[in-house]
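Each of the two complexes below includes chain A, the first together with chain B, the second together with chain C.
What follows is the complex of A and B.
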């Protein structure tokens, strides 16, 4: 009963989950937005790091999808800024970066247990699975 | 000492003998006196008794003689009772003969005194008439009178005067112990003797003291004399050991020679004694020399000199000689003592030295001549820094005469001020033995100019090796200095050339290195840059496949268009990369044509504008309607498209873009000016890095390759590109193509 109730509860609130997409490349940003939207969640997009930080504070997203190499503020700065903000202490991050940079990025970011990194070009199914996993734990 | 004791004994004996003699003379006199006194005493006493007896006889009622005699005796005895005699031992004795004994009538002092330990009794015991005792009484009783020395009743030796008193048939004796008479004289004798001994003792003591001193002195003198003799012997020995000694008489005949003399002369002693000293004389010394010597010693003076002698085998030997005359009381010489030491070796050395001196003097003269005439400036200073050498060349190059500079302080007066400290150091170093080579410094010339001198400083020492100054040998390098300056200039230019070549080489090496780096970085960056559109294509196609059922046809078309755009971008990027790859390998095609730049540029821009949705206003400027230039149409198109699209991309659509085409002597310049976002200064320098994009491009698409390709195109034309830009105000890219 409880399980059913929870599942139903989740189903019902899925549409209220907000995913913030911070990505400077228009094509990728739109694709990510499509995926989130088609999976039944709300997609909020930002073109650069600064805009990402602003929109995060504005919308209080349940998950943040974030590129690393961006103008104005890069992914590191976004993470640094939001992680030090108590409001986002538990907000999971999924970083997107070129496969060759994954190790480097992982070293530079003090990732929490709920955070993750995914390589570009990404497999859409893997990304969808990861997004769902993260929003549910949040 | 024995003599002294004997002397003492004799003197004591004499003193005692004198004492005994003188005392016995006095004693005998006193003895005689005593005898006379006693005789007088006896006589007077007898007279007294006789008178008493006569009186008694005349006045006695008793006609009995014996009776009167007895009365007399009794009276006498009464009278004499208590009479203790005279002196210490002197007393009167009265006795009479009774039978064969002598009876003593008086009480005697000796008994009263109880002398000799006998018990006191009134009278002495009777003594037989014939005995050794009471000799005087015996004589008196035998009717004699006189004096005698004999034993009394006690057996004591006494001097007694005796006399019979026939009237009353008794005898009287006055006696005294001889010992008593003798005692003072014995005392006197003892005293005299003792005193004499003391006197003698004291005298002897004093004598001994005095004589002892004298003796000591005497013995000291003796010792001194002995020592002196020994010393003399020793000295003679020492002299003999050291020197060649001979003694000659006034004629010069030898009377003594020591072993050394024999050894050196080669003659035996027998051969020499009695011979004249001329036996060893050589021909070296002149007659005057010998005359002078003889004059000197004959006058009693000591003569010193060096003499060359011949030995027996004709060899020579030199001796340093001292001749001392021995003088008699008149001061006339009686003999001459000659003492010599051999100086043959010294003489040889002296001769050698003299020869060496002559040589060294010649060398020294030669050297001085050499220094003076040497074709190099030579100067010398003493240990105080004052000039003491100044040769002709030094005179010539400085203009100062030797006489001008001698005694002057070299450093202070002839060295320019800026070099004084350094030159002083060089010279001071030489003065402590540290020589310097090739030290360059300027001297003042008389005319005020500076003469550059290359100096070698040498330490100057005297014969003992003591440093006495510095000799500076120079070289006038004023001309050389000039040459050297020119040479330096030449050298510097050569060095510069080498340096610039090196820099170029290094630069090309760096570039080579940089290219290597660039290539590897390019590969990294290119893979990154290709990944972005690939990601978009991948994700977008996934979305179409996955959510097609949720999408309208328009939605799907929109996303397909996205994919197409990404593919176009990638293709163009790929082309750029290929161009760059070719340019690195110098494989770019270049087909120059001589054509009109103005119409070419305008055509290209018109073509571009067909695809430009905004259709921006382009304002043209040109220095002339037709500008002919040799160039590659294809590459010019690349340049123009790149710059016009950038100008449009990075500015607002309502701002103008200005294109200028100007010709001047150098060539043709194409400028593309916009009023857009501009480029930060720090970005401008990186604009030609592959994939580099200015920080303010935002969402404006671009690959970061365009400008690099453009640069290659300009390079093909030997042109240049210049960027003028201000952030927020716009940029102007000016390409200059040379007029070949």
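What follows is the complex of A and C.
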């Protein structure tokens, strides 16, 4: 009975979570949206950095999945702009990158404790595991 | 040392002048001598010529030596000394030039090697950038495919179907995943 109650409680929490997906590649963006939705979270999508910043301010997501190399504004610029906004000071970021030198990306971003980077290609289980970890710790 | 050129013509003129003046002086002394001496000398012309030549030689020789020969020899000696000094300087300058030339050749060789290295490094950088770009473009669709397969797997786990259909779908999904793992290894990274 307690187990059922805890599961239902967790599902309720997950359904209230908003995840903003900022990714310019349509196939990846749609697949990420499907996975996030399947896990019971609310997915909001943006296809470039500027749209991502605008949608973040509009929807106030609990977590942001952000690509690095994007048109108009890249992942670095999105991170810098939102980190300077007090509303997003504690919002965890998970960066998605196809770059080989992740250490270099990590240094350039100066990530916080709740932020992380996931290297492309990755599978859905790894991503969901990371999202859940970040949501629980934040 | 200052270089002074002495030609032979002025030297001859100087010697002629000395001989001329000394001869006049001897003649003046002769003309003012007592008559008995003049008479004796006129009676012995050979002896007179011998005495006159001796006096001329004795008086003019030291003058010629100190006024003409000695300065000439000294000047020639100084000129030779100057020449030797200049030659030594030229030898040193020549050696310095040869050394500088060697240095230039060495530096040129080093520059050629450095240029070759830069060209080689530049090629490697361009190749590295091209490979990084290709890898990046390779990973993008692979990521999309892996995520789509992930979505299909999740949907498959909640859709009710017969055991045969479920096994068929599972087998095909595993085959696709295996192919994607192979493709991912080409990009040099590994699945998480």
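Here is the rule we use: the second predicted complex is superposed on the first by the 126 of 138 C-alpha atoms of A that agree within 3 Å, B and C clash if a C-alpha of one lies under 4 Å from a C-alpha of the other, contacts with A are read in each partner's own complex, and residues count from 1 in each chain.
The rule is simple: contacts are C-beta pairs under 8 Å (C-beta built on N, C-alpha and C of every residue); 3 or more make two chains touch, one makes a residue touch a chain.
These numbers come from a predicted model, not from an experiment.
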Problem set entry | Fit or clash - chain C, chain B, common chain A | clash
For this session: Kindly classify A:71 by the partners it touches after superposition: chain B alone (first), chain C alone (second), both, or neither?
Result: first
Exercise. Is A:48 in contact with chain B, with chain C, with both, or with neither (first, second, both, neither)?
Worked result: first
Exercise. Of the two partner chains, chain B (first) and chain C (second), which one does A:122 touch, if any: first, second, both, or neither?
Worked result: both
For this session: Under the contact definition given at the top, report the residues of chain A touching chain B in one complex and chain C in the other.
Result: 25, 27-28, 31-32, 34-35, 38, 98, 100, 120-122, 124
Exercise. Considering the complex alone, what residue numbers of chain C touch chain A?
Worked result: 132, 135-136, 139-151, 153-155, 180, 184, 187-189, 191-192
Exercise. Once bound in the complex, which stretches of chain A touch chain C?
Worked result: 25, 27-28, 31-32, 34-35, 38, 69, 96, 98-100, 118-127
Exercise. Mind pulling up the chain A residues that touch chain B in the complex?
Worked result: 24-28, 30-32, 34-35, 38, 47-48, 71, 98, 100, 120-122, 124
Problem set entry | Parts of chain B lying in touch with chain A, wherever the complex brings them together | 524, 527-528, 531-540, 542-543, 546-547, 550, 559, 562, 565-566, 695-699, 701
